[in-house]
Amino acid sequence: MSHFEESGIGEECGVFGCVAAGEWPTQLEVAQVLTLGLVALQHRGQESAGIVTSNGACPPIYTAHKGMGLVSTAFPPEALLKLRYGNLGICHTRYSTTGISELQNCQPFVVDTLHGKIAVAHNGELVNAHALRKKVMRHGVGLSTSSDSELITQLLALTPPMEELDAPDWVARIKNLMSETPTSYSLLVMFKDVIYAVRDPYGNRPLCIGRLVPISKLHTAEEEDTEGWVVSSESCSFQSIGAKYYREVLPGEIVQISKHGIKSLSVVPRPEGDLPAFCIFEYVYFARPDSIFEGQMVYTVRQRCGRQLAIEAPTDADVVSTVPESATPAALGYAQQSGLPYIEVLCKNRYVGRTFIQPNTRLRQLGVAKKFGALTDNFAGKRVVLIDDSIVRGNTISPIIKLLKEAGATEVHIRVASPPIKFPCYMGINIPTKEELIANKPEFKDIAGYIGTVQYLTVEGLLSAKDKMISSSNKSSKRVGHCTACLTGKYPVELEW
Amino acid sequence: MSHFEESGIGEECGVFGCVAAGEWPTQLEVAQVLTLGLVALQHRGQESAGIVTSNGACPPIYTAHKGMGLVSTAFPPEALLKLRYGNLGICHTRYSTTGISELQNCQPFVVDTLHGKIAVAHNGELVNAHALRKKVMRHGVGLSTSSDSELITQLLALTPPMEELDAPDWVARIKNLMSETPTSYSLLVMFKDVIYAVRDPYGNRPLCIGRLVPISKLHTAEEEDTEGWVVSSESCSFQSIGAKYYREVLPGEIVQISKHGIKSLSVVPRPEGDLPAFCIFEYVYFARPDSIFEGQMVYTVRQRCGRQLAIEAPTDADVVSTVPESATPAALGYAQQSGLPYIEVLCKNRYVGRTFIQPNTRLRQLGVAKKFGALTDNFAGKRVVLIDDSIVRGNTISPIIKLLKEAGATEVHIRVASPPIKFPCYMGINIPTKEELIANKPEFKDIAGYIGTVQYLTVEGLLSAKDKMISSSNKSSKRVGHCTACLTGKYPVELEW
Amino acid sequence: MSHFEESGIGEECGVFGCVAAGEWPTQLEVAQVLTLGLVALQHRGQESAGIVTSNGACPPIYTAHKGMGLVSTAFPPEALLKLRYGNLGICHTRYSTTGISELQNCQPFVVDTLHGKIAVAHNGELVNAHALRKKVMRHGVGLSTSSDSELITQLLALTPPMEELDAPDWVARIKNLMSETPTSYSLLVMFKDVIYAVRDPYGNRPLCIGRLVPISKLHTAEEEDTEGWVVSSESCSFQSIGAKYYREVLPGEIVQISKHGIKSLSVVPRPEGDLPAFCIFEYVYFARPDSIFEGQMVYTVRQRCGRQLAIEAPTDADVVSTVPESATPAALGYAQQSGLPYIEVLCKNRYVGRTFIQPNTRLRQLGVAKKFGALTDNFAGKRVVLIDDSIVRGNTISPIIKLLKEAGATEVHIRVASPPIKFPCYMGINIPTKEELIANKPEFKDIAGYIGTVQYLTVEGLLSAKDKMISSSNKSSKRVGHCTACLTGKYPVELEW
Amino acid sequence: MSHFEESGIGEECGVFGCVAAGEWPTQLEVAQVLTLGLVALQHRGQESAGIVTSNGACPPIYTAHKGMGLVSTAFPPEALLKLRYGNLGICHTRYSTTGISELQNCQPFVVDTLHGKIAVAHNGELVNAHALRKKVMRHGVGLSTSSDSELITQLLALTPPMEELDAPDWVARIKNLMSETPTSYSLLVMFKDVIYAVRDPYGNRPLCIGRLVPISKLHTAEEEDTEGWVVSSESCSFQSIGAKYYREVLPGEIVQISKHGIKSLSVVPRPEGDLPAFCIFEYVYFARPDSIFEGQMVYTVRQRCGRQLAIEAPTDADVVSTVPESATPAALGYAQQSGLPYIEVLCKNRYVGRTFIQPNTRLRQLGVAKKFGALTDNFAGKRVVLIDDSIVRGNTISPIIKLLKEAGATEVHIRVASPPIKFPCYMGINIPTKEELIANKPEFKDIAGYIGTVQYLTVEGLLSAKDKMISSSNKSSKRVGHCTACLTGKYPVELEW
């Protein structure tokens, strides 16, 4: 997606679900909606993808397909054909963090229980996974993967004790699960003809609901035009399937989605005094810029970060530019606030990637030159402020600085539109070890000293940029409470690792 | 493998294991021994293959690779490289019966338990699988496949209750499993540095042990030359890896295989009065002819079946021939006993198979002609006795008869070297439904009447052929007791289905 | 690459070559330089890629590898291993126009002649291909593809008559070829230890030369530091392999590249009175923005087009934006000239592409919404000037206009940074038929009228933007002479089709 | 196919063609007939396969598909769909000898000429290829492969000079080709609506014609029932598509096959005094046993070779057996003649093949044990005569002897049903170098001495076995004249290599 991903930061997953409204068998092409929804969440994980559909009958027939790689690779036409009788379904796209990159770890997980099959898709990472695994295994369950998602599935099956009743109480089981683990999870649980959408009490990972309407009536559709309901990690997926944004799933909420519509079943509270802990990096980096969180567009927040950065770290320079392309909103914000002209300095070759380079003499030294071409005429003889959205290891930004200097920039000043990352994340984000983080390395400043200056946005600046629109209308109480642990070391829950 | 497989009869699986003897890390190329062992068992399943190795350390590192298709496809060089640090390992080749053909169902299963990871490979089918699944699920375990092997793995994890002791009592767990399900299973359970080889009390599926010796000393090796121990569904695999046949695992026996050698831990008895129930079709069809069961070569038993058939069903004919190539031993036996000359009448094209034929006018009528060419000059103007090893649906033999008649045979008499299959199998063999079985169809006799005659070996004939060598030396008591349920409807255990 | 490619305009190919300087066997990793060079030209063709290397010995050993798809797919590590003994080589990346997408059509072509093997890589399309094919075939040569490149190869082999001398006169053959066909071709011909770089007399396709220097000395390298010579369709590839721009191959020039360096052998003149005819669309669309033609950066020309467009077609609007991402330089130029603020209105999902959509009811209507998300907050309630680099069929821009309107833009004015395409190209560019070109359709204006206004850059404007830097210093005579046939219908040579 | 193929002897190719009779568009599924025909010739080449069909219209539309590997792999359903409008077509299956294993070398070759496209499929090897290549290249043609088939195609295009007449005289061109090269080729040339089937004047490679009839009337069909005509390297393919054997193409004959039927156009004579030179190894090894050459079934000839061998080389032994499975006809012949009982001693594992074995310590020594299991009980304590069809390098037979001895055979006598191969073949058969041929090695006799005896069939014995049926009826003059060069060193034509 951007130079950022080379740095080793990665989101764990994206989840998406769809239930056709009205009479079944539905006319809605549920499997296709699921596929397009997944494609729109592809930036959250490119390792593998999976879809499970249910016909919703009694007993239900579940159909599953999983594959490695991008959605377009993992889902050939035959796969969609196979899934086409679904009246509802959930799906998942995966970014590999700890687990091995194998089909076996691919979600959603489907397991058979005394009450029938359930399918589970999960985004997040359980902070107390280690203890929960022990608990499940002590009960006599063998776990076939190291995935939290399998753990969640077995926890759902485990307690309360399985009664052979006709109507299993899945909501009670989900509540029990939520009492066992505080965070982080955004969860879709499909059972027969219902999807339960669940967000952990801290709201660490995003989850929102949309309404499928006739594409021709996208902006005029009434309640009765509803063709189906969708639930997604990010709202950006709604545009690409013809759905209208409906609302977020609240922290701690269990929402039931059926052909009859949306029903909020419960909101599990946080321990008294605890605030929500929505991951601040969803704003800074992970989410697609056209997604909406807490009523504001991600792009806008990033642009405000750039403006705030211009206030906090003004620069005596000639032009402002971006490391394409995730830092562009912040760079435009910086340019607007500072009054400096915005230009482009780098041309990115999208085809670079997996080309095999022998670890030998000459080409090894090329580094980012394989990926970025300098637009020399735009900046030769000028002092450049280069905006980046975040700096993790520094192994991309350092050679870019060198590239620009050699191509004729007289000064290169790095301004980072987020605070330095200093601490590990235990809630689903893959962050390098402390030793690898450039913010913890002394030499980076030296490189910077050589080339100009390096300055970061402050944590306060980031939070104010995020809340600017809100604070002005005095609704801050509801919004306060982000997880900034990777920046501040303050974790929302105590770790028992 | 033969025309038989088109008829829809199929074995479930083959299992194989290997433990390097002596000091570890071993010089023995365990992963390669496992691969070659699997290739030698390939006739027992061509759908998928899997290998799990362990370095045997504390804690152990397990490495697994699974793939669809033949061993040669599923195990590219990279896979073997990955597995190369194994000091011991188990593997499995799978024939799909009920389960869907997916990587997920591929064995061995590896699960993490409170006492560490175990790996399980299974050949057979649990007669009380349905009840056991319910039991496991009632305990709160979710099952992710419909495979008996996952069920076995979870049962092993489940009881007795998991204590957090240093030394888990896997033998107790295996015994407990055996008390829960009488048959059918030949099982390999790997834990850290040990493989437990287990055969059900009825001995329904085969399992035997071999000793790896230096290939240059294959026939002179002493005890101290032992380089490793292997365990296999069939002894035919021993020839291809340089192992000497050691002995069978007895019905109900648990054998521990470690670097220190072989140790019989226990023999779980059958209910009083019950006889062993070794599947008679291993002799008739499934096993490779160079395998040894109960001290006799499979080829020899098949040849004796042919001889017995010549006694029971003599024919006034000119020549004896075979449906290539599984019926050849019986055909040679029939020829020897009857004094009629043995000839070949059919030439088989091994490359036919998955060629795509449109379901249209002309070529659809070709049938077996795509696969078998008539060696006309050998039989034109002659009366042919054609020996087949068994007839299931009759959809291969009928057109062969037609082919031979049209090519000039004056008469074609079918003699089948096994009794008619009339009943389903619940112990791991895939047999068509009663309606599909030709033995239950009236019209087959008519076809036969048109062309000559059809006669089967009797059940008594089959059993006597099987035991000829033995009965002569009065050891019958030990040998009596085969499962002949598909021929007689007498099942070794009562079914609770 | 951009929305443009959906419209069906495509470049034919990119060519690249490399010769190691100094002693052979070289230390330079020639195969890797070729691969990286190709990756940098990937935007010129994504259908297939091929590399041929020569060890340069007598007789030479040629090694070839070709594959479908992107360079990264077509060249796995094994392929590079196979090619690693090359001391020189040429390569090609292909965009399919007329020919079928098959490996057989993949370049470079290698053929054996009386004087040994030659390898040919070609970018362009021969205007008199039809007559030349007839001529070659009349001579008795069978042609196995419809490719011009095979035709060129056979023409090179054909005349003058093949003498069995030791030193074949390839330069005479190349000159003969050039006398047979005026345009369009940029050609690399490899023979034993030499590459001939050839550009047609009209200079229709680009071709330039670079010098490989130690990466650590990229900006200080002297003549004696030269590690090799490279030749490429575009100079953007030089940055990514550590080469310095040296010069263009002139229209009509034959340059010999050997380990001893660069030698201009001849410049074949145009017919008297004819001007050069460098394809204007290399500036407008095909080339990567960091490439340099005629001494100026492509990005700069595009930006000037945007400025010129702002002068020619000013708009009463609130913001200026781009259809990402090829139109961005022009959009920034328009913003700078007009004084209107530059913003982003669309977020592009790079993962959309080959996802399979059933041609049914609902999703078919989605169109570009699958690919572009609207950044609503940036433009809601505003009048938008949307800059596009060119409009071909209009099948992308129309739904984008609709998308922006529905998302809240009060007006959407389209400004196109190039003149309308009205005529077909016979020199290597794939342009839709006249009927498909939106510039020839009346209804587009209506759509425009509905939404705002549509205005194009004039041909004069385009040419002045292209020559601004130049005309000011009165060097216009050398620069004048572009092929603008697709815009004006004035073809550089008479067509005999 | 057999152990033989490991020894490095290989046929070059198989060719097959089909023309639908009667009105076009035909109801006959020509593409499917071609595919099944190829599958039946798969034993002649497994490296690649290709089909070209023509709709036979004016101008014709040709459709081609080629792929690596077996027919079943190379022709997925989509490929057959693509080819389905063919009213006629030719196809080819290739065994790689000299050429590199690449799709580029895959036949049929299709080239465009002044008179339209021709497609060529070729089995054989031109003895004067080197001189012909020079000739073609001197004319100015570049050759893109090292394949004789491309050479043939270019020779057909080259002379006589191409006139732009409406009716090209392909027959004159084919005759001219035949005057340029004496042998070896069996050739199919497709042009528009006609296939020319051509066999070289020496008849070195086989070629025969069949008649497609309604499958239900396979043995009663009249002339007017003809649904199409087929032409094939071997008649074994006719059984599998429902065709009746019609006749051989004669040495030197050009047969035109059209929808109107079969027409012999010419028979090009051999130089005076020269005899036909049909490859004797087609009988000994290459052909499928159910094919018919010169009126006799290949199986029968092989059986007679076994009988003759028993006369020439009787053995004092207990049993006769075969190296499965190509030597079985000869082994049965030997048993019949000698009166010794025929048994099986080896069980072959068909799944062995491409399994990857590290070149290390232990398993490297396994050799044939991976592939053959000894059926010990059948021969322990007995003296075995083991019949092989031919011995090339001896690298398979030596370890088999060892295997049988170690498994308990008291003596193993090798009897080879063909004379020793001592000389190279220049007419299409891949034979190892003189040094590799075991017949030229002294040590083989020693191995044999150790284990028993080795005796070969004499050349006279082979020829008499081949002609037994014929000589008795005094038709020998027509039949005499086989190529036995690899056995005797007497080549049918003088080599100019």
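For clarity, chains are labelled A, B, C and D in written order, and residue numbers in each chain start from 1.
Definition applied: contacts are C-beta pairs under 8 Å (C-beta built on N, C-alpha and C of every residue); 3 or more make two chains touch, one makes a residue touch a chain.
Everything numeric here is computed off the predicted structure, so don't read it as measured data.
Listed here as common contacts of chain B and chain D: no chain.
Overlaying the C-alpha trace of chain A on that of chain D calls for a turn of 180°, given as a multiple of 5. The geometric centre of chain B is 61 Å away from that of chain C, both derived from CA atoms. The geometric centre of chain C is 49 Å away from that of chain D, both derived from CA atoms.
Within chain C, not a single residue touches two or more of the remaining chains.
Of all possible chain pairings, those that touch are A-B, A-C, B-D, C-D.
The touching residues of chain B, counted against chain A in their complex, run 103-104, 109-114, 118, 133-134, 137-144, 146, 150, 153-154, 156-159, 161-162, 164.
Against chain A, in their complex, chain C makes its touches with residues 1, 27-29, 32-33, 35-36, 39-40, 42-43, 46, 70-72, 75-77, 80, 214-216, 218-219, 227, 236, 239-242, 288-290, 296-297, 299-300, 325, 328-329, 332, 336, 341-344, 347, 349-358, 360-363, 365-366, 369-371, 373-378, 406.
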